[in-house]
Amino acid sequence: GCAAPTGGSTGTDAAGAGSLTVIPKSLGNKYFEASDKGAKAAADELGLDFSEVGPTSTGSADQVPFIQTAIQTGQKAIAIAANDPAAVCNDLKAAQDAGVKVVAFDTDTDCRDIFINQATVDGIAQGLVDLTSKHLGTAGGTIAILSGGANAANLNAWVDAMTALIEKEHPEITIAQVAYGEDVDQKAYQAAQGLMQSIPDLKAIIAPDTVSVKEAAHYLSDTPQFQGKVWVTGLGLPSEMATYVTSGVIEQFGLWNPEDLGYLATYAADALTQGTITGKEGDKFTAGKLGDFTVGAGGEVVLGPMFVFDKSNVGDFSF
Amino acid sequence: MNYTALLELHGVTKTFGAVAALVNAELVLKAGSIHAVIGENGAGKSTLVKIIGGLYRRDAGTFLLDGESVDFHNTREAKAAGIAVIYQEPTLFPDLSVAENLFVGRQPYTRFGALDRAKMRRETRELTQRLGVPIDPDREARGLSIADQQVVEIAKSISVGAKVIVMDEPTAALSGIEVERLMGIARQLRDEGKGLIFISHRFDEVFALCDVITVMRDGSYVATNLTTVTTEDEIIHQMVGRSVDNLYSKQEALIGEPVLEVEHLTSAGVFQDVSFTVRSGEIVCLAGLVGAGRSEIARAVFGVDPYDSGSVRMGGISVPRTSPAAAMRLGIGFVPEDRRKQGLAMTAGIQSNITLAIRHKLARFGFIIAPLEEPSARTWAARLQVKMYALDTEAQMLSGGNQQKVVLGKWLATKPKLLIVDEPTRGIDVGTKAEVHRLLSELAGTGVALLMISSELPEVMGMADRVLVVREGRITAELPRATATPQNVMYAATHAPEVAA
Amino acid sequence: MSADTATITTNAVGHAAAQYRRHSRTLWRRMLLRTETAIVLAIILLIIFAITTVPYFAQPYTYLTMILNSAPILLMLLPVTLIIITGDIDLSVGSVVGFSSAIFGLSFHAGIPLPLAAGVAVVGGGLVGLLNGVLVTVVGLPSLAVTIGTLALFRGIAVGLLGTTAITGFPSEVTQFIGAPLFVGAPAPMVTVAIIVVAIGFAVVLHLTPFGRGVFAIGLSSETAAFSGVRVNRTRLILFVLSGLVASATGVYYTLQYSNAIGTNGLGFELQVVTAIVLGGVSIWGGRGSILGALAGGVLIATLNKTLQLAGIGSDTISIVTGATLIFSVVVAGIAGFISRRRRSKASVIAAGVEKHRAIPNPKSVPSNH
Amino acid sequence: MSVTHTVPVSQGRRSFLGRILRAREVGLIVMIFALVALTSVTQPGFLFSDGGWRELLRQPTILILIALGEAIVIITRNIDLSVGSILCLSAYAAGSLFSNFPGIPIPLVILSGILLGAFLGLVNGLLVAFLRVPSLVITLGTLYTYRGIAILWIGPHFIRSSWLPDEYRSFGTLQFLGIPVLLIVVAIIVLLIGWFMTSRRVGRDLYALGSNPEAATLFGLGERRLTVTAFVASGALAGLGGLVYLAIFATGDAQVGTGYELQAVAAAVVGGVAIVGGSGTIWGVALGAFFLATISNALPVLGVPSLWQQSIVGVLIVGAILLDRIVFITRIRRAKRKGTAT
């Protein structure tokens, strides 16, 4: 599915309808494969020359060569989900200097024209905390957060926002620990195990990344003793979570449609290259089937509120 | 034919690329006999052995076993045909037990399909006992003395029921008693009707043990002689093409000031209270049995091994402990006993080997460039008449004797004031041996002090100005040249010190 | 003193000396039939191919970014090459980059001036190199095992120290200077100078000094080296410290280049470094290899990456190509050896005597330094 | 890599040597018990709860399997860096068999996974044995190549737990007399391989080859056949590891098993396999792998902050090798002193 060699053609008719390179955090990542699928669909609708390239690992500078390539091959736009926003900044700046429009999606960076945010940081934090507090009720209790990579900027932002929110609005809830599953199934599984076993009276785990929430659910479904005691929610892919939701181990989790995220990023990139928008607050553009969007403060476009999945709808999604 | 030889080789040729290791080799081995193959270093003896053992395949010629033509593709086929080879380097597996080494590849199984360790242990004990050297079957082969390793190899060949047993320089690393023991075993095997091929550079052994002697030169067959009717001179003549008149060309040298002074050197469990002096122009020999600790003393003096107490001085200056570099700066050179592991980098060229010990001296402003090092390498290779093709020939391509010359060259190039030579002629042919002796003697003539370790009594007698006999880590006798007879030396080497004072 | 060995008489010295050739193979064979030449040739051919078939490859920007991207590997492989030549290995270099990045970032964050912070990080790298060295030489543990352990340890310390914080905000004059071309339009960035200087330094040390002779000797046979006055353990210890120093300097460079100190900087670099070195013909068993070869190995991988990236090919294929190149390089050498062994054994006998000592590769050259 | 292992001349008899070897394994067992005890005292649930007990026993199975294969290869004086990539390919292959051929017999899938691993190991083995190139180089190459193939092949897909038949998924949690069936299976494999390596000719030949390759050639042990055997075994065990991974995690993408190669080497070394080949026991390796896996299992339970866990793993790996070495040296010293006294 990845690495369609677009070489020669990309270069030669880059001057045409427009060209877009999408750089996900890494190849082979389910979430980004879904967003790339949406991006590809949008590019087809728009007649853009589309390529999706990226590293196989998530090292901080691993995406840099692909930005350089995009600059050189005269791409009109880059849509990137940065592993390390700071590390790619210099090269993104160089891209902007070379006239390439830069769209950040999933994770923001300082060096971009526009940021396609799946949901606002506060929106996500609010959504996850609301799900949890509703479950815990007024009694509250001890919870833990199981995040992904310790350096993932977007995850850290969400974790911070959730912490702040809980401190401010939910004195009945205490966060015992923030653990990291490092995007690796086995580590996330062990981390979930660690949290459930080491924190007495643990009431809930919020896992704001797809690997962590899946493995937390997985551990829970393997371990009946914690079922009904520890409540797990987070941001997960419905295709991965379906089993646990149907079996009742998990009640609710949130996400947006990653395909829509890619789709929107592509329309935004096109609008930028067409000159329809410049990325300043108040700019408006239409993103195909998703409808109209307005650029918000700080050049941010928000896809929409977090979508909550449960037994009733989890089977309806393919990503 | 009603009488066929056990093994016959005719016109056997083997080339390695452009190297002709064997040109026209002949060998006829009869059952119940011990057949010596001798020749200069590089004459092709080991190559012949490897063909017999199935390690190499001959390029041309006939190879008959029991009158049948054979062509082994690997050592297993040769073994199956009843040929056992004991190579120049013992080839045990250090991590396996002695018993396992004896049975590698043909371990017996119990009814349950597991190794029958009890049987292996039993048979190993029986075999080694029969050879007169009981070895614990369960100990690791690592750390066995060379002699014991040799015994294990022989036990291995007996236990597979080999009818042809080939020994490539089995005695090179053994001392008198061990050689005697080995010869006893060999005779026993011969009397059992086996055919033995025995390779050695030591004439006394060959004449004492063998029935027939085949001589080779430059890869070709020269002659086969019956031991009873030939003489040492005749054999040497056949080997070298001329006669070697003086094997120990001891020159008179002016013995001067003490160069090396060793006092009360002790290393717990290895040697105790060793004191001696070596003067300029003097050749001092450390004699004794293998395992007496002579090499350890030498290594401690040079600084490769640590010692617990005592002192070493060179020309009055104290030599720091465990620093060969410092010892070299003070003028000590050391030709170690194991040239393959300690003397040479086998896969490096001759030039790099010769210049390794003088790399600091070769440097100009701290840098070495090839043109600077070539002359030293060339000069020393030529002085010692190393048989080689080019200066970058890998050391492992040379025959044993030539390797030894390279090691000597490497240390002579450092222009030492004291040269320690540990078994300098081990595995070296007569011609070269005389050459090495002449060289050492000349070196002494120029005022170099020499500390020599040798397990060959004639060499000790022939070369030493003074003999120090070492027994179980102590110097038990100091014999000036005049009184150092083989009897005296052997007595001191085998008896408690109070007798030999 | 009296040991004037020149007075030893030997028959026909001049004659015999003249008989020895300097080299057993002709000049062109020696020059052409070696890994370094093959790799350099491969780089040239690849560049020619890429220039003619891959759009935009000819631009200076290509080379500028190629060097920038591979600079950390090219720097780190220099001391590791020496370590591999002694027969050891250092797998902890990637983690040392992360470690130094953490120290550097935290020092800078604490308000220490940039150069001083860099100094602190480099010294820290030297110390962790020393730790590796001590475990390997003084304690006598196998370097592979030790550095697999410290690979986890140093990375763990880096990640632990920095946690979720990423320290950014390094002065932009510095970060921009590092990525800038040598002069306007130059196909090489500033760091090229550093790479060249450090590489020449290591090449001179390895190939032209007594110390370098010792390094090779240790790899060929550490016992023989010890018996020849090489301070084996001291040399190995020095190399591990050097490796720590260079890796941590690389960590500082890397942090500045990407203006970000995080604990995962340099993750996985160790295998890239080893790959480049081995591709460059340095024997993993020790005793053989050159700085030129190792650098060329690194450059070949960088060029391959650049070509494939510009051709729009993703990392999945690039990783297959990298692996295949590595296997191919040794397989070709293996097959060449096999063929020449076959061919030579069929060739006619030239002559006995001196001629017969022509060197041929030993068919069973099992690593001798175990 | 040369390791100047100056193994002191052992004076002794089997009992002495045996004691050293046993000390290694006893040491590991003690360390494992200490770790488990420490963790259970702080968090009784680590041992005394269904989930804790099960994870304690089943988590290490994957690492044990690949470490066994790695150990066999290291014993022959080689190294296999491609095990992680092989594990990934095998896990995904099995997963996609289940998804593409619903109702396919489970044993057939297991066999296919093992065979795929064995085949990839065979490629390694043939390259190493016939071209006489260092295994580190070849398997470093196949580490990249196999991983690249995995990413190219698997791409956006991942194994969904719904692909797997329930029977297969239940393997992961199934228990027999309170012991995870996975562990029982792996223990049987450990016993079989251990028995094979100590009590069958080929096993001993593998040790012999690593102990002295030159002698093995002279001896006609068939080094090529043995080398290939070792790599095939390693590949097959990595393949099996992939299947166990699938049973435990019921998921898998192109990044599964990344970095396992170094863990496997570490486990083998901690378990007492000399990196220069020729020595080490299968029991030791199994314990070494169990120890390492238990560390990463126990640290989160102990409540060690995620971010500091890796450095503790590093300290423990280095510490285990160091401790082992110190024990070895002091024992040799003591024995030597005894030897000189008499």
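Miscellaneous remarks
When the chains are written out, they are named A, B, C and D in that same order, and each has its own residue count from 1.
In the analysis below, contacts are C-beta pairs under 8 Å (C-beta built on N, C-alpha and C of every residue); 3 or more make two chains touch, one makes a residue touch a chain.
The structure presented is a predicted model; accordingly, all values stated were derived computationally and were not measured.
When chain centres are defined as mean Cα coordinates, A lies farthest from chain B.
The interface with the greater count of contacting C-beta pairs, when B-C is set against B-D, is B-C. Between the Cα centres of chain B and chain C there is a gap of 39 Å. Taking each chain's centre as the mean of its C-alpha atoms, chain B lies 43 Å from chain D. Put simply, the C-alpha centre of chain A and that of chain B have 73 angstrom between them. As a whole-number value, the distance joining the C-alpha centres of chain A and chain D reads 36 Å. Shared interface positions of chain A, i.e. residues touching 2 or more other chains, are given as 2-3, 27-28, 56, 150.
With touch defined as above, residues shared between interfaces to two or more other chains in chain D number as follows: 147-148, 151-152, 155, 214, 217, 254, 305, 307. The set of chain C residues that touch two or more partner chains comprises 159, 163-164, 223, 263, 315-317, 319, 365. Pairs of chains meeting the touch criterion are A-C, A-D, B-C, B-D, C-D. Taken in their complex, chain A has these residues touching chain C: 2-8, 10-12, 27-28, 51-57, 59-62, 64-66, 68-69, 71-74, 84, 86-90, 149-151, 153, 156. Of all residues in chain B, those touching chain D in their complex are 53-55, 74-79, 87, 91-97, 100, 104-107, 113-115, 136, 138-140, 142-143, 268-269. By the touch criterion stated above, chain D contacts chain B in their complex at residues 7, 9-14, 17, 195, 198-201, 204-205, 207-208, 210-212, 214-222, 278-279, 336, 339-340.
Contact residues on chain A toward chain D in their complex (touch as defined above): 1-3, 26-30, 33-34, 36-37, 56, 150, 177-180, 184-187, 189-191, 193-199, 214-215, 218-219, 222-226, 239-240, 242-243.
On the side of chain C, the complex with chain A involves touching residues 54-56, 59, 61-62, 65, 69, 159, 163-164, 166, 168, 175-176, 179, 254, 257-260, 262-268, 305-306, 309-317, 319.
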